[in-house]
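Once you scroll down, you'll see the structures, which are given as structure tokens.
First subunit A sits with subunit B, and in the next complex the same chain sits with subunit C.
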Partner chain A sequence: MEKMIEVLNLRKTFGPARSLLRRSGKRRQVEAVAGASFDVGTNEIVSIVGESGSGKTTLGRLMVRLLDPTSGEVRFDGKNVFGMNKTEMIRFRRNVQMILQDPYDSLNPLFSIFASVSKPLNIFEKHLSRREKEEMVAEHLESMGLKPAEQFMHKLPGELSGGQRQRVSIARAMMLKPKFIIADEPVSMLDVSLRAEMLNRMKKLSREGGTSFLFITHDISSAKFMGDRMLIFFRGRIVEQGKTADVTERPKHPYTKVLIDSVPVPDPERGASFLNIDDAGGSSDESYSTSGCRFASRCRFVMDRCRRAEPPMFDVGEEHWASCFLYG
Partner chain B sequence: MDLLEVSKLNIRYRTKDRTIHAVRDLSISIKRGEVVGLVGESGCGKSTFGMSLLRLLPVSTDISAKKMMFNAGDGMQAGGIDILELSEKELRRLRWKHISVIFQGSMNSLNPVARIGSQFADAMFWHGFDDETIKNSISSHLELVHLDDSIRKSYPHELSGGMKQRVAIAMALVCSPELVIADEPTTALDVVVQRRILKLLMDTKEKLNLSIIFITHDISLLASIADRVAVMYAGSIVEIGDVRTLFRSPLHPYTKGLMSTIPRVDERQSELVEIHGSPPDLSGSIRGCPFAPRCGIATELCAVEMPQLRVVEGRHMVSCHNVEVQDGKND
Partner chain C sequence: MNIQTVSKQQSPVSFLARRLIRPLVPLTHSRKFILGASIVMFFVALGLLGRLIVPFGPLAQSGAPWSPPSARHILGTNYLGQDVFSWFVIGTATSLKVGFFVALFSSSIGISVGLTAGYLGKYTDDVLMRFVDMLLVIPAFPLLVILSAYLPPTNTSTILILSLLSWPFMSRVVRSQVLTLKERGYVAVSKLSGAGNLSVMFKDIFPNMAPIIFINMIFLVIGAIIAQAGLAFFGLGNVNSINWGTMLYWAQVEDAAVQSAWWWILPPGLAIGVLGMGLNMLANGIAETTLEMRMG
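And then the complex of A and B:
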């Protein structure tokens, strides 16, 4: 498959830089993304699954260059995004769009829906007349189920429900027919009945419109529904990656297993066993190790070497990798 | 006698230009030691109902009910406590001591500038506990939720989300209430932490013989914790029954919708089932079944007549014209 976007050993560290004057501060550096490498193919949906604080949002922001990395590269059409000049950057911005988590925060409350959705056109398609813009906006709103579009175009975000707002955000992201969309938890603020609709819509957009998606979520079930491939993220590291069916049906990394076992199953017969899964390996709460394998302190299968060194990615199947010494 | 008996509860929010009828003719009773799950979309009135049990709604709210009795276990109040008749002073005795609440996103309900210990002490002080008792029960309750005693000296920001949620649970239990209202207590948490919190809540419930009203929008959570499940739509209960019955043979189209709309990790789905449309505006009166416009099997009758909650079998009740029920057992 052709690569749309390629991430090479990407690293982002937050916190005070080590300098001559402040060599030992009290504040620690936090490695939000610690050497991630993967790619997203043309027309492909890749899901990134991780808990809060795992660095998945930082990774998404790096990939659209809302943040600059500490080291590493993101290549779009073969070019390093962080080395692009202004013209190249403009082209990149046009082709890469983002859908954010909270539809209450991501639309300007003082802009009408038309103003928000037509904004990309004002920047990239200046030659269009007002009429042409209105037609395009209407077409996109209606394709997201906001019919008739005239009824919505001149409203303010405050007059729309959460689900309608998220549809507006998706319509805006699709406006310039981008090649690549990063959706960061696009449904987690929505009601269950709306989630299904949004997920179906995004999947359809990708299948029909030829757009690649990076779907960032904490919910492995919706990641399974959406993605062709899946990356499991833990504390800034990719701990497992592979085809969605392989990762969810034959998970290899102990963290992936815990994650899958923790998804509530709507079946009372299995309820008691669901609550009684022993995942902690004796440890409490959400602690993680600061050296070696980050999952070691919570892992049932922990071995001596796990605490000493960070496990590299091991081949565990066809296009399926896990970073765990159990497979090394 | 059931711990809580609510019959024909109606709650209306008054604003400047309109009145929102948020809870409509809701009847439910909760037994001692029972966990009842209350599930529905945002705006269905589930939190409003929960907060009304503690009278934590704005003063401008109209609450009326045929019956809203809390039958406290200590027998102090013969005939039970009529929640709607309590004065502010009496409410203070009811809250935390008899009925307590774990708030939605309760990590944010902790006071950011007070140490954990003093927040516990605050709640207990008003119920007349002495310093020694307060000190001991903070320790024992932190232990109950598997937290180290030393965190009583911590500020909320020093704890992780899961730990704050544990603190909130411990606080809700510190005055030994009989009924806990858990309003989306795990919504902001990761699945792994969520499962541990649910386990903790269930273990504590067993130990203390609590009754719990568990409010959530995620019906799949209830399969592992609830004894009974009530599905709410547009301010009313549309289906209620034992957890097994409800998950095995849901009858109301909305309940079926809620169950099939969830993405599953243990199944392959090419498309998710959608519930089209959105819930009705609760500011007006609703003609017919409130779910009819979104329902796949609605008939002409559904558009004009509101279905009543009728008994299907045993404790299983449903309000839908298109569900066959045994006649003569209507409630």
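And then the complex of A and C:
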């Protein structure tokens, strides 16, 4: 499969900002993304699963160049995004979009829905008349289930519900028929009753429009529903990647196993296995190790070598890799 | 059919009008805002229509010196027999003018500095903000006194001096607003939509902090009126200009208190207090209303 976007050894460290008067502080640096490498092919949906604080959002923001990395590259059509000049950047913005997590934050409260959604048109399709823009906006809003679009177009975001706002955000992202969309937890702020519908719509848009998706989520079941491939993210690193079916049915990395076990299943026979997971480290500093394998302090199968060196990616099946010494 | 009528109702012009007026509607529910606005409007009207309603020329000797309030002289006369009411009304215009222009000029400087520092960050921010810190720690009033001693005593130089000294606080406020607003999701979305820095700054960031800027402009008006009256009271600036400050200056120089001519001292003093209160209520009304909307 042809590679649409390629991430090469991407790193982003947040920490004490250097400035004129503050050389360095006592605050520790945080490695949000620590050497992630993967790619997304044309017409492919890849999901990234990770717990909160694992660096998923930072990864997404880096990939659309809302942030600059500490090191590493993101290549779009073979070109490094961070070295693009102005014209290349314009092309990139046209073809790569992102859907943000919080629908209450992602629309300017002072602009009407029409103004927000048509913004990309005003910048990239200046020649269109207002009438044509209105038609295009209406078409996209209706494809996201906002019918009749005329009733929504001239409202302000404050007059819409969270679900409606997220539909608007998705419609905006789809406006220019981008080749690649990063969806950063697009349904995590929505009612459970709406999630399936939104996921279905996005999947449909991707399949019909030929758009590649990177679906970022903490919820392994929606990732399983959405993605062709799955990447498991832990503390800024990819610990396992492979086809969705392989990863969910034959998880290799101990962290993936924990993730899958922690999904509540409404089945009394299987019992509350997820309640037995004594892994409530949360995001405290003790919940992950600072050297060697980051998962070592929470891992059931921990070995001496795990604490000493970071495990490389091992081949564990067909197009299936895990970063764990158990397979080394 | 139904859809057609809906889209006809929403012509761009009516939509624009709706957008401009609608944010103001909740303000009318705030009693503070209404009261503050009425007080301010009263003084503004007095200032604008002043020349039409004054009974005498403020410099004309229209009665006996030191005469107390009467039907002919509502606020009595001063030591030269000039009508205090006429002085007061004409003075309103000057005081308001100083307040308005100082607020306008100093907030222009403050907003530009704040936006640049907040949006560009890094070294620009450091350099600009250290300069602002420096201005903020200099005691303003003594500096005002010194500067006014060097400049020609006109209202223009008073406006100039006050403008140059009162912007740092505004720039701090604007910068802090930019720092929070630029992290908002819709700013990221705008960038993703291909908008440039200037567009993001003036379409996404700036309009969303308009209430806070307006509130601070109101405080600048109050500050400028008080500072101008203070300078005039000390005989700095143009003592021959007619405003609330020079009224107090002449009252003090000619010993109005010894003559128990309360009608000469109270009006400008009270006016400064009442107008200050009115502006404050206006600002509070806006702050409470917009904050409530942000929360809800």
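Criterion: the second predicted complex is superposed on the first by the 305 of 328 C-alpha atoms of A that agree within 3 Å, B and C clash if a C-alpha of one lies under 4 Å from a C-alpha of the other, contacts with A are read in each partner's own complex, and residues count from 1 in each chain.
In this section, contacts are C-beta pairs under 8 Å (C-beta built on N, C-alpha and C of every residue); 3 or more make two chains touch, one makes a residue touch a chain.
Keep in mind the model is a prediction, meaning the values are calculated, not measured.
When both complexes are superposed on subunit A, subunit B and subunit C sit side by side without a clash. Touch criterion not met for A:68: it reaches neither subunit B nor subunit C.
Of the two partner chains, subunit C is the only one that A:169 touches; subunit B does not reach it. When both complexes are overlaid on chain A, the residue A:135 reaches neither subunit B nor subunit C. Working from the superposition on chain A, the subunit A vertex angle toward subunit B and subunit C, CA centres, sits at 80° in steps of 10.
Contacts of A:220 after superposition on the shared chain: subunit B is touched, whereas subunit C is not.
When the two structures are aligned on the shared chain, A:259 is found in touch with subunit B, with no touch to subunit C.
With both structures placed on the common chain, the touch criterion links A:52 to subunit B but leaves subunit C unconnected.
Smallest inter-chain Cα distance, subunit B versus subunit C, after superposition on the shared chain: 12 Å.
Comparing the two interfaces of subunit A, the one with subunit B and the one with subunit C have no residue in common.
Per the touch definition, subunit A reaches subunit C in the complex via residues 19-21, 61, 64, 66, 90, 93-94, 97-98, 100, 102, 105-110, 112, 116, 119-120, 123-124, 130, 134, 148, 150-151, 153-154, 158, 169, 172-173.
The residues of subunit C lying in touch with subunit A in their complex are 3, 6-7, 10, 12, 15, 19, 122-123, 125-127, 130, 184-186, 188-195, 203-204, 207-208, 293. Of all residues in subunit B, only 41-42, 146, 160-163, 190-196, 198-199, 202, 217-221, 223-225, 243-244, 247-248, 257-259, 261-266, 268-269, 271-276, 278 touch subunit A in the complex they form.
Residues 51-52, 161-163, 191-193, 195-197, 199-200, 218-222, 224-225, 245, 248, 258-260, 262-272, 274-277, 279, 284-286 of subunit A are the ones touching subunit B in the complex.
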